[in-house]
Structure formats: structure tokens, C-alpha cells
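The next part holds the structures, each set out as C-alpha cells.
Shared chain: chain A. Partners: chain B in the first complex, chain C in the second.
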Partner chain A sequence: MTSTTPLLDIRDLTVSFKTDDGLVRAVNGVDLQMFPGETLAVVGESGSGKSVSAMAVMGLLPSYTQIEGSVEFEGTDLLKLSTRAMRKLQGNEIAMIFQDPMTALNPVFTVGNQIIEGIRIHHPQISKQAARERTIELLALVGIPEPRQRVDNYPHEFSGGMRQRAMIALAIANEPKLLIADEPTTALDVTIQAQVLEVMRTAQEATGAAMMLITHDLGLVAGVADRVQVMYGGRVFEMSDTDTIFYRSRNPYTRGLMTSVPTAAARTDDRLSPIPGAPPSAINPPRGCVFRPRCQHAEDACYEEPPLLALDATGRHLSRCHFAEELPELGAQDELGRSA
Partner chain B sequence: MTDREVTHPEERPPGYEGRSSTVGGEVPETEHLDPEHVIDELEGIEAVSRSFGRQTWDRFRRHRIALIAAVVLFLLTLAFVVGPWLSPYGFSEQDFTALNQGPSLAHPFGTDTIGRDIMVRTFQGGRFSLRIALFVAILTTVIGTIVGAIAGYFGGTIDALLNKLINLFLIVPALVILLVVGVRWGATPNGIALLLGFLLWPAIARIVRGLFLQYKEQEFVLAARAAGARAPRIMFRHILPNTFGPIVVNATLLVGVAIILESTLSFLSVGVQDPVPTLGNLIEKAKGQIDTKPSAVLIPGGFIVAITLCVNFLGDGLRDALDPTARKG
Partner chain C sequence: MFAYVVRRVLTTIPLLLIGTFLVFTLTAISGDPLARLAQLDVDQAAYDRLIDLYNLDQPIPQRYVSWLTSAVQGDMGPSPSQGGQQTFDLVLGRALNTARLAIPAFFIIAITAVTLGVYSAVKQYSKLDYFVTGFSFLGISLPTFVFGLLLQVIFGIWWFDWFGARPFFVQGMRTVAQHGWLDMVRAHVLPIITLWLVITASESRFQRAAMLEVINSDYIRTARAKGLPRRTVILKHGLRNALIPLVTIWAIDFALLLGGAVVTETIFAWPGLGRLLLAGIFQQDLNLTMGVVVFIAALVVVFNLIADLLYGVLDPRIRYD
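Take a look at the complex of A and B:
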């Protein structure tokens, strides 16, 4: 695909949870590569397996989870690492930004102390004072006003947007090579979302980290991602560079995602076309293609045989659909992909 | 994606170098250090508690009843510690010229039937009662918190086993055990404290377990794990401070429970034995005189009520003061 060796190379990742109702297969044979410094958006609706995949990379899945496949980070399979070895990577080489900044910061410690702790867990030789100075710089970098005073504030003294900025500061404190942001703007006001994305981009530039942006909001993806990976029912449905996904999508699910998003550019008499039905059961997935029950292009073949994730002629566009090449050109839908 | 400029670690943007160097220029990028080392570093914890301590004090000061309770409790403790030492009488010293007297100048609380000064006995008794109570509160809180934290945080089989143990202790009636032990071996203040501590911890353990079950699902715990923190660090540094409020309140409730249980034992004549006074056995000794000389019952009884009330108010104030999200008054 590219000459650079991937920073993160997930191969055939399968994650299952045992429940009383049966085995829940949250992630089903996912492949994912990330290259140094790039931004990959992982898009899908609830239950598509995007967050669970990220948790697998972070080593945050509960111990009763069954994980198969491999997650190689700089050539080391993270799934085979001991908890102890994993801890040295967590928050250091791989860091995570969580969805809800209201609950992701500990209410009884000052914001500063949480970032200082994050630094000193991995670098105990850095003095408390130096770590504090570094924390103030980080807070300034993510756009917290008066960082020297704010460093001693408790999380409840911060607004939602400021807390997410603080979370970003915490995540980049040790200059990770990989940043995983799990729905980082979902819990924020729309007006703050763009600012936080901008901060994330600044943070990424300052550290040179690769960023995995997990979201269900395609509009968010357009402005920031280099590549987009669309997931559905625990599987990868489409993967290519951002423009290709937006203008030349070869997958009915991706197209459905785009037409179900309202845009400011749309005329008032335009109707949104939501994807009918609900996401598939992870216990008893439908026969054939998992998207078949909701797909307007579905034919008999989709019932008989699950489609494979296949490359198109350019060799840079993967799509999981029997009719990837036969789908009509997007044309009229162009504008529906919001540009940020 | 092939033609995209990829930023290699060696050729990161200029801002990167600049920022690193201000941290002493020695931020190791590849060197991994054992995260556990930091736990032993008490410097960081001090920094937390200093500003946290000041804010806690500011909030506590505004809780007027708790502040009064703290002052009263301090004065009582002072009286219990200094009183017997300043008193001209020893607590088992008899004065046969002054048997069973009411309050007077020489004996402000009066004397008992064998001529001992009730004031010095009350202070000495308060000293023993308070010591037992504090010992019990500390012991139960420590055992209960550790057991509850482990059960709640790890869950699964560990939780199931510890929960069985907690329930086993909960169904054992403390008073019966105390009676049996008291009758068979006799009771000393330390013995009673130890026994009460081992009998009363499940109350705290259950509360802490519940709190840990609740807090371990919070995203900040996940965030701490994602930052590479070890389980003990997450349990005791991240979750435990969130549970201080309920733990402190219950510890103070246990102070009251311990004083009353000890008094009950003494009242049933199997507690700490004469001549060693406790607030409980002072009442027991005087119970026959409630009509003729009520002061002998009311004074130690009043001390029990005062201590228990003060400790509970203090707990209330501490709970509010220890919660940084409480209003800043």
C-alpha cells in the first residue's frame, strides 16, 4: 500500500464477549493500518466495533474478553505483551482522548495534578516543578487561557470545551506516537467542536503523532482525516483516502451514512434519507452480507454469500460489497459530504 | 496516502524541540521507566494535599456546627488527657470521709459509694472510652476500606469470596460475641477495642465496595488505566479520594457505636471492670442511685452523648469539606 512501515498494524482482529445471551462478536476480522503522523478516521454507527477496536489497541478491554488476531505497534504485538509491558506504552507511546470530558477527569484532583501525574508515571526523573512547568506549557498549547492560574483548578471549574482541551493536553503530555480519540467532540457543543478539532490538530502537529479519530460524524471527518475507514457490524466496509470516500464511495453503507446527515447547504424541501432498520445483532448476525437487511441495493447474491473486502482497480480503495463496481456514480450526492 | 508527507520522529516540527528543552531538555523519548517508582515519590502527593488541604479547611470552617463540634471534642479530649493528671485525687483513690456525696467544691461531680472522686473517674473513663472508640474507628476503617476496595475493584471471584466473608461477619451479633468473651476472659480497654474492630469492619467494607463498584466504571478510571497506572495506584490514589466523604461519615458513626457498645457491655457488667473506669461502667455503678443522686448517672451519660454527637457533626462537616465539587461557600 505504501513504502512506509505502518506504525500500527491490526490484522484480522476479532473481539468477542461472552454474555448470557451468547457470544457477542463486537469486532469481526478487522484489518487496520496507521502510518506515522497520519490521521485516520474510523467511522461507523453505534455497535460497529470502532470503539472496541480502539480499546483493544489501548489494552483496556476487560480480561474476560476473547481477543484474536494481532495488533502490532512498531512491530510488537500488543496482544501478547504483559500488563506490565503494556503499561509502559499506555499514556506514553499510545495515548487516548475520551469521549466525555465531564467524567474522564478525576473530580478530586486539580487538572494540573492529573497531567503532572501523567508525565511522572512514565518519567519519574522529571522533577515535580519541571513537570508542572511542562503542564502549564501544554495547557497553553491547547488554548487554555491563563494556564498558570488554571493549572490549579479542579475539573468542575472548567467548562466542557476546556476539559476536553485539558484531556488533549494530558494525552499529548508524553508525546505519544499514536493518539486515539474516541468520539472526542460528541459530548461538546457544536460551536466548540470545531475549536477542539483545531486544538487536536495543533497537538498532533506539535508531537508528530498519528491520530485515530473515532467518530460517527462523517462531517467531522472531512476536514481533518487523511484516510477514512468505514465500519459496520464489527467489519470494515470501506477504506480509502478522504476525498475518494466522499466523492467516489463504492459502498452502499457509506453512501447511506452520507445521505442521512443534514447539511446547511441542503434546501429546506430536501428530505433526509435515514438508513432504515437497526444495526445487526452481534450475537446472530444476518446471513450473507451483514448490511443486507438495510441495503436498498441488496440482491440474492447478498443473501447467499458474505462479500469480501476487495480492492478496486486503482489499488487504493477497499470496499466490502458484491456490487461495488456496479453502484451508480455519486454525482448528485456530492454536496452531501459536508466540507469542514 | 502514499504521497502524504509523513512526519518522522527525527524530523518533527521545530516547535517540538523547543517545548521539550524547556522541561530541562532531558525528556527521554525512548527510555521507559518503571511506573511504579513514582508511587514511592511522596513529593507529588504533598503538592496535592497542600492545596487540597487548604481548600478543605476553607470549606470546613464554613460548616459552623462541625467547627463547634471540633472545638468541643478537642476540649473534651484535653479534659480527659489532662484532667486525671491535674486532679488532686487518683481515679481509684478512696476518701472514707466523703462517701457517696453530691457535687461539692472539693468534689465537683461528687463521690461514689466507696469515696472515690467522680470527676477524676469520669475524665479517666472518658479517656478509656474515647481511646477504645478511636481505635475501633481506625481499625474498622482500615480493614473495611482495604477489603471493600479489593472486592469492589477486582470483582468476580474475589468479590464473591470477600462478600461472603463480609456477610458472615455482618450476621454475627457483635454484642453476643462481646458478652461471651467478656464473661469468659474478662475485658480490658484494648481487648474490647480490638474485638470491636474485628466485628464492626464489614459495615465500612460494604459501603466502600459499593462505592468502588460505582467508581470503577467511571471514565476517569479508564483514563487512568490508559495513562499506564497500576491497579493499586488507581484504587488508592484515584478512586479512594472520591470515597472519602462516605468513609469519614461512617467512621465517625462507628465512634459513636463503639462508645455505646462499650458502655452497654459495662452496663451488663461484662465490660471493663472496676476499678478501671469507663463512661459505661460509671453509669452501671451508679444506676441504683438514679433517684437519690441523678448526677452520678447524668454526668457520664452526658459525656457519652456529647462525644457521640460531636463526632457525628464533625463527620458531617468533614464529608462536605472533603468534596472539592461542593460549593465554595
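Take a look at the complex of A and C:
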């Protein structure tokens, strides 16, 4: 499924905001590659820099943000593009689905008109009528019942799940090459989450888009992602294919994330072991490894910033930990993680 | 929607009753309409006429009822302080004079307030934003009588000293029919500027706040993520939403303007409703005071209703049923 030239190639991305309290470094030297058609999950807690990275790709960060590094999309550095050139890509080559469908649609325009507008801004040659037909097809594709009637509804006449479906329809309207979904199911009912995820998969198949799925929900990742990139404190902590992340993780933070997720299948005497402490301050990050204050494996060496290590010759498994190779095998993690 | 309008109009009836009763009582107890006659050296018949006109030999509630009985039949009574003219005709005539100021002022205010508010919200914390915010504070804190007098001093006295001419009239109304277009405009400029400063100051602040809230909302981010030009994002997706809360403010301001700006009209000697109301109060002319009050109350009721109906046009989430 993956080819060798990346569709999206983020190198050493650093995003900082000036605030009254000091410089907030939300993203700190992130590398990220995405290949055509693949699904990459970007996983991390709040404040790990995952959303900010996505907004940097979309060109949606406010103008006072300081962005360094490069974000190459099909060989063009998006950070160097003019706003006008960037607008040609937004919603066309790169589209985004947001977290809260309740507020992401404009309340005063019909759902249909908002999608039609998205089509016609990039394809002015398409007639209003044709764009409307296309919109009805899109609504049908994302599973809106009676799309021909629903196209003229206002967002408030849609349920949360339907609004998110409409957002997906809007995002894939111009068959983008890259689809960024920022916590697309977080604001939805659990019963709706699976449906919406399924719709996203259908949408992705229909357009052949690569999808960046930003989430804090590891359970979501297991079902849909080809690869996983774990972020913490504005840095990449681990990256590999989904199986490796789940069964052969070589990073204490990733492991911590997994043991803090409740599962329905867990034994009743199992206890959750959340990661102690809180995410690091983006203004005054801890010295050395940013995860050190919360890490049960931390040693003196961790007062130095650990590098992102390649754990195999192909570089398909990366981990940012001094002890990546020395961590116990994951089978032993139950005792290790949950007795702590 | 029709049912809604009917219901709204019906609910205003008790409001108008309470309002007129309060104003009637307060006016009636705040002075003696006969006191003015004492200075005029008139005979007993003049006293009797006024006593008879206002039923001054009866308690206030009964006087109110007899006023109300005539008023609902369209008879607002004569106005003793205005030479016995019919109150209804007086109010209507003065209302037209007030409208000469109110209507142009309203549109100029609405356009400038929206423009200033939107610009300062979009360019938040820029020099322009600070300028607009500063201007608003000036307009809100500078009393009308100070600003109006200041304009009169500048254009009526200083300008004349410097350039030997007066660009604008500082007193009185001029009409096209009697004085021609140029003089009409020259007479309207200063009172309209006075009204403009005060109301634009507050409206632009409301517009700025409404626009700020809107442009930081998720759907604006969605609009930008679609690749829409900035202009479309701000004017179509942003302003359309940010105008909704402004509609109420417009309705209140327009009703107030049409009801007569007492201070502005007094400063510029403009024969409008505001000065008529002032005359009614100062001369203990109950019929006149009540006539103007009822007119203003009706304006407020009608414009609030229009505002609520406009809400439904601008915001599809609102349904009247």
C-alpha cells in the first residue's frame, strides 16, 4: 500500500506561540511522513502538539505563530507558499475534519450550500446544479438518509453524528489526496463513533486519500491505522506500524498510554494504571527527556534529551528513549505496568 | 408566524397600559397645571377650562381612565400649552421633523458602526483597533450636550473667526421646500454628527464583540479550511452571523432616534418630538406629555417586533410557532 515517495513530508517542524507567560513551544522538531493512500494515526495526550501540527499542514495557524522547519506536500514546501497558493490546496488537495461537528458547520447556511460552496470555490466551472447533484451523491455516500431532502436542511436539523457525516462529505467533496481528521469521533456518542469511523473508511476508499487520524484513543487506532506515530510534549516519541506499536512497543510513554486505556475484555481484577502526573509545560519543559518526571524507568541518563532511535535497519520503528532497546518485552508489561 | 405577530401585539397591550398609567400618575403628581395660570392674570373661566379639560376635580385614577377612554378612540385631546392644537396632529408633525434627523442618522450610524466594528475585530489589537476602541470610549463618555455645544462653538464661532464663513447652521431646521437643498443639508449636518458620535460609539463596540466571537468560532475555521478567500470568510460566513445580535440594538436605537433626541434637539433648536416632550413636561401639559409618551412607546413596541421577526430571517434556528 505504501510507496517510497512520501505524499507529505514534515521535517523538523517547530511551532511556537508568543504568550504573556513566555514562548509556548507547542511542537518541537517533529518529523512525519505520509504515503499516498495510507492511514497514519497520530496519538497523544492533550497538548502533545498533534492538532497544532495538523493545523500547520492546513495553513490554519494564526499569523502570529512562529513556524520553523518544512512541510512538503508532493514536493512543495507548504510553509513557503503564499496564502493565495495555499488556498488552492485547502479543501481541495488537503482537507480536514474537525473535532466538534456541533460547531463546525455555519448555522445560517444549509448543509448543502456549505458543501456546494466548497466544491465551486475550487471548480468554478461546475454549475450550481451539478454541484448540488454531486453534494447529494456525497451525502448518500456518507450515509445521510434521504439526501435529496436533507441537502436543504440547516445544520441544527442534523444530529451530531449526521453533522460529522456532513463534515466528512465536505472534506472529500474535491477528492483530496490528504485527509486530516482531528479527533473526529471524540465529541460523538460511543454508538455513533464506530459508524462515523466506518464512514471515514468508506470516504477514504472512495477518494483514495491518505488519512491522518489524530486521536488520543488507542482503541480507535487499532482498527483503522496502518502506522502509528505517538507524540508527547510536542515531540515524536515512537513511530511504527500498528502491530509493532501494540505488541512490540519500545517506548515507556506508548506503553503507559496502553495500560491506561480501559477495555471491556479486561479481567475484573485488573486495575487501570494511568500515567502519573500531568503533561509537561510547553513554556518550561523539564530538562532532558520531557517524559522523565512521569517515567518509571527514568535514570540519570534521562536528564539528557534522548534521540529518536531507529530500532531496525529500515527505520520503520523509531523510539525516543535512552533505554528503548533495554525495556522488558511487552508480555511482561502487565506485571510491570500494573503493579507500579 | 402570523399567530406569533398577533400574540406579540396582544402582549404589548398590558405593557402599554401599565406604562401609560405610570407616566400619567408621575406627570400628574409632579406639578400643578394651574400654577402657570397664576402668573398670567386670567379670570376664573380660564381656570375652569383647564380643570374641566383635565378633570382636575377628580382623583388621579379616574382622570387616567377618562384620558384612556378618549385616547383609545383616537382622541388625544387638545394641548393647552401649544395654543390648544390637537395633540395628535402636533405629535405627528413633530415626529416628521424628528424623522428628518433620525432616518439618515440611523443608516449612517448602522453602516459606520458595522464597518468600524468588523474592521477592529478582524484586525484585533492593531493600531486601527486601538483607534476605534479609543473613539468608542470618547463617544460613550462624552455627554451629548458637551459634544453638541463643542460642534456649535467650532463651526459657529471659531470657524467663522478663521475663515469668515459658517459651513453649517448651528440652530434650527431648514427644509428643501423653503430654503433649498444646500441649506437643508447645512442644517442637518451638525445634529446628525452629534447623534452619530454617541450611538456609533456604542454600536461599534457591540459589533466588534459580536464579530470577535464569530471569527474565533469553529465554523469560521471550517470556512477557511475549505480554501475560501478571506473576504468571503469574513463577510459571508462571519458578518452574516455577527449581525444577528446587532438587530436588537438597531431596533432599540432606531426607536429611540425616532422618539426624539431630547438633548440634541434642544441644543440645535430642532422642532422635533424631543423638544415637544420637554415642553409638555415643563409646562405641565398632560395631554401633550402623554401623547409623546404613547407615540414613543408604540415605536419601541413596533421596532422590537420588527427586530424579533428579522431574527427569524437572519437565523434559521429561530422558528415562530
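The definition used in the following text is that the second predicted complex is superposed on the first by the 316 of 340 C-alpha atoms of A that agree within 3 Å, B and C clash if a C-alpha of one lies under 4 Å from a C-alpha of the other, contacts with A are read in each partner's own complex, and residues count from 1 in each chain.
Methods note: contacts are C-beta pairs under 8 Å (C-beta built on N, C-alpha and C of every residue); 3 or more make two chains touch, one makes a residue touch a chain.
Keep in mind that this is a model prediction, so the values were computed, not measured.
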item	value
Side-by-side fit of chain B and chain C on chain A, or clash	clash
Contacts of A:R87 with chain B and chain C, given as first, second, both or neither	both
Partner chain in contact with A:N284 - chain B first, chain C second, else both or neither	neither
Partner chain(s) touched by A:T191 [first = chain B, second = chain C, both, neither]	neither
Partner chain(s) touched by A:S46 [first = chain B, second = chain C, both, neither]	neither
First, second, both or neither for A:G37, with chain B first and chain C second	first
Which of chain B and chain C A:E117 touches, first, second, both or neither	both
Residue contacts on chain A - larger count, chain B or chain C	B
Contacts of A:T314 with chain B and chain C, given as first, second, both or neither	neither
Footprint overlap on chain A, comparing chain B with chain C	58, 60, 87-92, 95-96, 98, 100, 103-109, 117-118, 121-122, 154, 156, 167, 170
Chain B residues within the chain A interface of the complex	1-2, 4-9, 12-13, 15-16, 19-20, 22-24, 26-29, 32-35, 37-38, 41, 43-44, 47-48, 51-52, 218-220, 222-230, 238, 241-242, 244, 323-325
Footprint of chain C on chain A - complex, ascending	58, 60, 83, 87-92, 95-96, 98, 100, 103-109, 114, 117-118, 121-122, 154, 156, 167, 170
Parts of chain C lying in touch with chain A, wherever the complex brings them together	217-219, 221-230, 232, 237, 240-241, 244, 314-317
Touching residues (chain side chain A, partner chain B) in the complex	1-4, 35-38, 58, 60, 87-92, 95-96, 98-100, 103-110, 113, 116-118, 120-128, 130-131, 133-134, 137, 141, 152, 154, 156, 167, 170, 175, 177, 205-208, 226-227, 241, 316
